[in-house]
Amino acid sequence: MTEKLIKDSDIAIQINDLNLWYGTTHALKDISIDIPRNKVTSLIGPSGCGKSTFIRCLNRMNDLIRSCRIEGEVLVDGENIYDDNVDVVELRKRVGMVFQKPNPFPMSIADNISYGPRIHGEKDKKRLESITEEALSSAALWDEVSDRLSKSALDLSGGQQQRLCIARTLAVKPEIILFDEPCSALDPISTAKIEELIMDLKNEYTIVIVTHNMQQAARISDYTAYFLLGELIEYGDTEQIFENPQEKSTEDYITGRFG
Amino acid sequence: MNSIVSVKGLHKTFGGRPVLSNINMEVSSGEFVVIFGPNGAGKTTLIKTIATLTQPTKGIVSIEGREAHKHSVDVRRSIGLVSHDTFLYDSLTAEENLLFYGRMFGVDEELLKNRVNQLISDSGLDMRMRDRVATFSKGMKQRLSIARALIHSPCVLLLDEPYSGLDPEATEIFNNFVIRDKDIRVKIMASHNIENGFKLCTRAVIVQNGKIVFNRQKSDIGDAEDFELIYREILGF
Amino acid sequence: MLKSFHIAIKDLRTEFRTKQMLNSMIVFSLIVIVIFGISFSDVAGDMEVIEQLAPGILWISFAFVATIGISRSFSDEIKNRCIDGLRMCPVDTGAIYTGKMLSTIMLLFIVEMLVIPLFSVMFNYTIQGVPELVLIIFLGTAGIVCVGLLLSAITINSRSGELLLPVLLFPLIIPVIIPAVISTGKILAGGSISDIIDELRLLGVYVIIFYVISRILFEYTIQE
């Protein structure tokens, strides 16, 4: 469906002929797409188009839904994550996810960040402290919370909680970070801060972001994929998609004729 | 990681009817496990069994490595239980209630007064310390109930549907109180309030018809909406 | 042991704050004594007759007052499920039982000590041998409470609990009532402690046996 936009060596995730059913509903149809490394790829489309379902395939979050059946391949660094012998816990460490509503643990800020590394075996206090500082700095939150790391994370504002969740993901050193509408529950200022952060993060990480806000997609992403009714309609350079869409459907969506 | 609370092969029948079947669960230090499930699923029975209030029909519950039902008197020093019943004496004051339970738990008399004052302060009941509990609102009673459960600094806090009858504000205050205590190493809560329960947990467990049908770390689940979807699917509605 | 005392003190403090139970017990005994007083008004002042009636009248009022006290003894613990709060404490169920027993005996004893002067006044009768009488009353009350508390714990969960309790209780306390009434009669008639040794022994044995049995069985009545 997509032309070879990206060199093989620059592909972080390769999706081949992905199909997904919830029970009898065919929710994703023949999706093939290459996600480039160290770039921001945004997934846009109207409600119910399958973008959230799709992004959850990239780190097997859909496993939890029993009625969900998947066919096709999702290759991360050349390996199909749906193979039987894949360690899902390891996978979710490499491919982290940040959700629409922040979901911090009911613990101190520091404990929130160190929870992941500790589960994965890190015991050294000093290392945990430096991991925490690093993660919070990378998430542009350190300056705001460095003096109250032992305070409860639930006391932070929505935007800060979201950055905390990002820091939490960063603490386990992922390669890829998936964002599912991370700003939809936030005010404009927090949104701007997170957008800035995402554009920063792409230097070290591969970013995939679902957004219903087209302006946001246009602002921050390098590549954009447009979904409709479970199908990938068009995928390409963000500039090209927004200024010169090839498909009529894409054009209609972008110009606001529907969705 | 060593488990603080360990449940192995737990079965419970009440009058021939199986209420819990083959429950296995390990809870380590730092975890806040929330047990979800419809009414009658067995959540309360599970909490009460871990609390040693109910005897298992089969299986073993261990707290800090000791068999809970064999050494129940001992093990209770490590457990605090908050239920939708408050275990408070209405005609006694808040202070008197806490002093009583403190003495029953063998808290050193010299330390007890300070501890009571601290807990009363933490629960925001300073102004009402010498008032009879009968004059308290439901939210205040629940807060005092947590204070009562914490009087002896237990390392395991068990909560059984503590939110019934609490308005959103009282729920917030209650939440803050539950999160704050540093001595508690393990929290296990049974709740049918999905949103609030998910927010507080580090691990979500779903119990249906007396069996555990779901048991995952929060980071492996997603956000509250993801969990709600999973919950609905498992319970079939 | 200390924890039993804490429970007993808690019970007493609670009761003195509301005085619910105390009030109903005092009123009840008042009613009993007054009714008897009225029906036997023509013999008021007649020492011999009253001597014969007194033990019966006193122990009727004590027995009924005890029933009130016993059937309410756990009501405090049922509200807000405080009994579970107690069970969550690192304390033997036997110690809970002992604490309840101590507070119930104390409360009954207080009322009984009020009944005696009341009786005196009502019947215009001076009571002799008060110390011995107090001992008999104490042992008799203890015996009734030991058995009564266990029955109360058993009948608590049944719907007809409050009706069932006296029905079950009275036959079981006959071995207490008989020696209690007899020895009361002897003392009021001017006897001394040596005259009532047998009865005291019976009462003592009864208290010990039923305390031990009830303390052990109590565990099973509150278990789930």
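A, B and C label the chains in the order they appear, each numbered from 1.
The criterion applied here is as follows: contacts are C-beta pairs under 8 Å (C-beta built on N, C-alpha and C of every residue); 3 or more make two chains touch, one makes a residue touch a chain.
If you're wondering where the values come from, they're calculated on a predicted model, not measured in any experiment.
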item: Pairwise touch network: line, ring, star, complete, or other; value: line
item: Farthest chain (mean CA position) relative to chain C; value: A
item: Innermost chain by mean C-alpha position; value: B
item: Cα-centroid distance, chain A relative to chain C, in whole angstrom; value: 74
item: Chain centre separation (chain B, chain C; CA means) in Å; value: 39
item: Chain A-chain B separation of Cα centroids, rounded to whole Å; value: 35
item: Touching residues (chain side chain C, partner chain B) in the complex; value: 3, 6-7, 10, 13-14, 17-18, 76, 79-82, 84-92, 223-224
item: List of chain A residues in touch with chain B within their complex; value: 56, 61, 64-67, 88-89, 92, 97, 99-101, 103, 105-107, 111, 115-116, 118-119, 152, 154, 168, 180
item: Residue ranges of chain B touching chain C (in the complex, touch as defined); value: 48, 51-55, 73-74, 76-77, 79-81, 83, 85-92, 96, 100-101, 103-106, 132, 148
item: Complex interface listing, chain B residues touching chain A; value: 30, 32, 175-176, 178-180, 198-202, 216-226, 229-230, 233-234
